[in-house]
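I'd like to ask you about the structure that follows.
Chains: A, B, C, D and E, in written order; residue numbering restarts at 1 for each.
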Amino acid sequence: MTTPSVELKSVRRDFVTPSGDTYPAVRDINLVIPAGTFVSIVGPTGCGKSTILNVVAGLLPPTEGQVMSFGKPVSGLNAHTGYMFQQETLLPWKTIVDNVRLGLTMRGVSSKAAKRDARSWLKRVGLAGFEDRYPHQLSGGMRKRASIAQTLITGPEVLLMDEPFSALDVQTRQVMENELLQLWQDSNTSVLFITHDLDEAIALSDEVLLLSSGPGSSIIGRFDVELPRPRDLMTVRDQPGFTEIYTKVWSQLRQEVMKTYAAI
Amino acid sequence: MQQSDLPVRRTARARARRRRWIVHSLQVAIAVVILGGWQLGSNTGFVDSFFFSKPSDIAARAYDWIKTGYILDDLAVTLQEAFYAFVLGSLAGGAVGFLLGRVRLLAEVFDPYIKMLNALPRVVLAPIFLLWFGLGISSKVAFGFTLVFFIVFFSTFQGVRNVDRILVDNVRMLGGKRRHVLRHVLIPSTATWIFSSLHVSVGFAIVGAVVGEYLGASQGVGYRIAQSEGTFDTTGVFAGMTILTLVVLVIDLAVNRIERRLLRWKLDEHMT
Amino acid sequence: AKSDSSKLTIGVGGQSSLVYLPTTLAAQLGYYQQVGLEVTLQDLQAGSKALTALLGGSVDVTSGYYDHTIQTQAKGKSIESFVTMLKLPGIALVISPQEHKQISSISDLKGAKIGVTAPGSSTDFFLNYLLKWAGLSADAVSHQAIGSGSTAVAAMEQGTVDAAVMIDPAISELLKRQPDTKILYDLRTADGVQKIYGTPQYPAAVLYSTSSWVKEHAAIAKKLAAAIVKTLQWINTHSAAEIAAKMPASLVGADKNLYIKALSAAKPTYSLDGKMPPEGASEVLKVLSSDPAIAKANINLAATYTNSLLPPS
Amino acid sequence: MQQSDLPVRRTARARARRRRWIVHSLQVAIAVVILGGWQLGSNTGFVDSFFFSKPSDIAARAYDWIKTGYILDDLAVTLQEAFYAFVLGSLAGGAVGFLLGRVRLLAEVFDPYIKMLNALPRVVLAPIFLLWFGLGISSKVAFGFTLVFFIVFFSTFQGVRNVDRILVDNVRMLGGKRRHVLRHVLIPSTATWIFSSLHVSVGFAIVGAVVGEYLGASQGVGYRIAQSEGTFDTTGVFAGMTILTLVVLVIDLAVNRIERRLLRWKLDEHMT
Amino acid sequence: MTTPSVELKSVRRDFVTPSGDTYPAVRDINLVIPAGTFVSIVGPTGCGKSTILNVVAGLLPPTEGQVMSFGKPVSGLNAHTGYMFQQETLLPWKTIVDNVRLGLTMRGVSSKAAKRDARSWLKRVGLAGFEDRYPHQLSGGMRKRASIAQTLITGPEVLLMDEPFSALDVQTRQVMENELLQLWQDSNTSVLFITHDLDEAIALSDEVLLLSSGPGSSIIGRFDVELPRPRDLMTVRDQPGFTEIYTKVWSQLRQEVMKTYAAI
């Protein structure tokens, strides 16, 4: 077996709350992402999904446990990863095309080549004609798509995506999902994907992880999706086995969410 | 959509023109009221022209100084000093601000020292400036530097501290090294703060040069002002200051223009 | 500190001040050139700044007050005066026009606010001396720094201070604006000086430099002294108006008549021969001795001046 | 979770303590090197003590001045002046900054005037200050005011211009009136900018007071410094400045403390 | 008929692009929202949905056309509306509870009463226990929920909501939807709701409006949803008629989105 692209061993991450207490966001996270696999994380809102991505990216050091990437412990930033954040991260002072080409420019690609590449990526995410706008001149969904292009253009070995498609309409979303799957199939990229859309998680992934509700969430379900590849996103939902997995994940997720509202 | 006569744009442009007109009229009105009142006060003896001179005399003197070229060499010297003070002070203040803004340990260590230095009255230090930098232009530059440096430093420092963390993280995740973060995030995001401080700094650079000259020099507008003051020639004092402020206005226009260019993305945001 | 021996810089403690007029006038008359010197004048606004510039090496010679030679000796620096330009201090104790009490001597000013140009300046020392002379204690009046220019005139006119030790041209300016202003002690006249100090000459503005410079550049100092003495003689033989005509317009200022008037008043204060009067020198030391640092210092007066570089009269 | 001995917190606290220790040691080390070198230089005659005095003499003099109470009255006067200049200048600068920051027409009209006023050399204006405000405390306050005002003004103005528009819109949509927007959005969001300017202003308020005294007064630290300077007593000059800077440090600690309280939400953000 | 809570007449809104051209975002928008109705807007990303909401709120003046609210032309802010923005709008310097009570505080409600109310609202959106956190100490979904509470607490007559639930997991989303419907039923509030979830739009609304893709979008479909009220969100999707509407909207939306990607 090859070394996994990402491995978390008994990771725990605490935060200090305003009152000075310790708030355990996630604990006991064990996670292996073999190179080239597509793994999704689902879980109730606020359970710690983004926290896990931050830990994998090396932005948040774990309070306990170990993070490995391609066999080496991660200290500081994890250089293998590309990260599309949940928040808006486009630089407001750069036009869209300059934002998208940033990763290439910083790698020393010539301005011209980087621009060409950025334009073609913008076209792929449906933003042709908006290249010279500043982020605030775009709609929310357009900004998200620009961020997607910005992250994908550098071709990272491990792709971390935090709800990338949630601001898009269903149809655009499917186009984007297709792009992503295409890109993933054509490369040896591993993907760690956060979504609230179970459909999406199952349709795209090799494995779906379910986090329990916080505080101190941990992984309470691991579901292998053994639908054949390549998948046609238009029809994958109708394939035998899809509904089965869906129902399994769904019922467990539902229990988790209900815990949060139990008190109401 | 290359037509320039679309109704939206036409009205927008007309509105901008009208606004400019209002602004300028108001400005002129204010100037007229103040200068007119002053002139009237002087003429009727209500304002003591020994201390305040008269606007008409001041204008005549300033015009005369410029026309005869009397002040031009001095102005050149003062501007040169102010320019160096401004450039060096801003660069140093900015650089140290960025450095301490990013390296927390340095910031904590040097914080009290910087605060202390900033509280030193520069005028008292004039003898030391003269000792270190001589009587020439350098002592005036040093003088202005000590004013500009701190203003730009504090702004930049606070600006860097204020940078949106997620933007830095994103650029780093995209493969950005320290210098990339500096160039693509820190500098642009701190730009408004820096420009804000530059507006004060332009003024202070000139003040530094003039006060330096005022304390000891053989040329420069400050020297002329000191000379006029020594002979109780209030008109000369005010004429010197008038010329200075006009020059500052011109310089500030330039800073504004650069600012507007560099912060286009931002101004625009407030357009709607 | 320049190596080129015929070039030198003189720091002036305020070119627009009449007390330093001979330094500028000599340049205007071309006397420096005549003796083979290329002199640059550097206006330093105040005597103390000119002294600092000298000690810092920015200027070679200072046109400043003789007092400085004594004060710096107390600080362990030796500087030496080699030509005296002003034999009377050119200051006066003026009563504010707002002061309505009858004031006929310093004793009447007990408890009053008295302006001086700056703390630690020669006007400040004069006030201290005056108090001692009148048998008053040093804190019998409150010393108020009011500067030497229009601030001083404003402070006097508004009655912010009851009286002030002033220098020209501020005195003339005040007299012009408030003609019935009373001058209590006028040290611009030999009589006034005689009354206070008991000697008719009290050295004020001089040219001085560090003792080592004077020793190493005796020839230059000699030439400088010659140029100044020649200027002093020229002043003596010309009218105030003629002198004013020679001075640069920027120093005369807008009101030429006022300048001439001030100059007429100041003319008797200029020395005729550039000589340091030894009794005057010891009076200066006495005045300065109100500063404990100087009183303690055991000053060697002979080292503070020399008359040996003056041209034979 | 009320236990205070959780491992995370324990290590965090220990780390903070260790860091503080490092910072203080470094600060002391720097002070020792500078003062030690200076003292050594003075003793060996390498540094001219006519211009720089000796650290040991300065310390002795400062101690003496404080012990005998000689300087305390003066210090009280100077601090009072600086305090008024600081408070009035900050309030006025902040208020005008907010006003012009929000009302674009006013900003455009007054922009050139403010730039002009800021470029006036205050020292030259000393006679006018004395004329208008007399020789007492008010003229020094006015002097400091003109320095503090502009610094705070420019910061506030730019800060207000920089406020995130969507936050203002949201508060307005929630029913916020002008004053609510000011209180809940503009002031907090401008707070970092204002504090940044306050750090410079504290220094400049003191500088203003001291320079004002230096130019004409009968008491105050600036007067004492001028007195020492007049008698070429460099030790006295430096002792005065040393006392000033120590006071500024203490004041700045207070500003820091207030800042840390008010900007808690922000500091915290950089904790992780 | 009573006066409609909101009425747009031939509204057009243009933007000036960086190159100086005019970009027509929406045009020819005619819209009537009778008091007490629930209207949803769907449309491809970037078509102009948020622009319409901004116009209704009075934040963006229309380039052409007229905006009326309760019979009066809107000039300046529309005081009848409460607006939950698509962007994050919590004040970073206030704790969650202070953010939520802000609307009440500004109306002069006593601090104590406002806090009590805010706490109960935070409980309703599942944020009990997080009251004293600052926004950056919450997860993305939690911030959204706090925003919902902040908007709803003031009980506006017209509620404008721009993708309020898109950052939430399906389950939490349903809880929120239920809360919203409850609130709406118990008051005479009108709602103008933007979502990318067709299911959600149909399940909640009386009418679904479909915008065409930009530039210059206009309303190209109006679908009345005549499912009976009160609706049970758990079962409404199985009601007769739901799938019918869904299919109708969906096929038209799909065509619209595809136009954007036609060039790829």
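Here is the rule we go by: a residue touches a chain if its C-beta (ideal position, glycine included) is under 8 Å from a C-beta of that chain, and two chains touch if they have at least 3 such contacts.
These numbers were taken from a predicted model, which means no experiment stands behind them.
Distance between Cα centroids is largest for the pairing of chain A with C.
Among the pairs C-D and A-B, the greater number of C-beta contacts is found at C-D. With centres defined as mean CA coordinates, chain C is found 39 Å away from chain B. Separating the centre of chain B from that of chain D, both taken as means of CA atoms, is a distance of 20 Å. Work out the mean CA point of chain A and of chain B, and you get 48 Å between them. The set of chain C residues touching two or more other chains comprises 48, 52, 55-56, 149-150, 154. Touching of two or more other chains is recorded for residues 51, 127, 131, 214, 229, 266, 268-269 of chain B. Multi-chain contact residues, meaning those touching two or more other chains, occur in chain E at positions 15, 18, 87, 134, 137.
Across the complex, chain E meets chain A through its residues 15, 17-19, 42-50, 86-88, 95, 123-124, 126, 128, 132-134, 137-142, 145, 162-163, 166-173, 175, 196-198, 250, 253-254, 256-258, 260-261, 263-264. Looking at the complex, you find that chain D touches chain C at residues 48, 50-51, 126-127, 130-131, 134-135, 215-218, 223-224, 226-234. Of all the residues in chain E, the ones that touch chain D in their complex are 57, 59, 77, 79, 81-83, 85, 87, 89, 91-94, 102-103, 106-107, 134, 136-137, 150-151, 154. Remark: chain B residues 19, 22-23, 26-27, 30, 51-52, 105, 108-109, 112-113, 115-116, 118-124, 127-128, 131, 150-151, 154-155, 157-159, 161-162, 165, 192-193, 195-197, 199-200, 202-204, 206-207, 210-211, 214, 222, 225, 229, 237, 241, 244-245, 248-249, 252, 266, 269-270 touch chain D in the complex.
Across the complex, chain B meets chain A through its residues 166-167, 169-177, 180, 184-185, 188-189, 191, 263, 265-266, 268-269.
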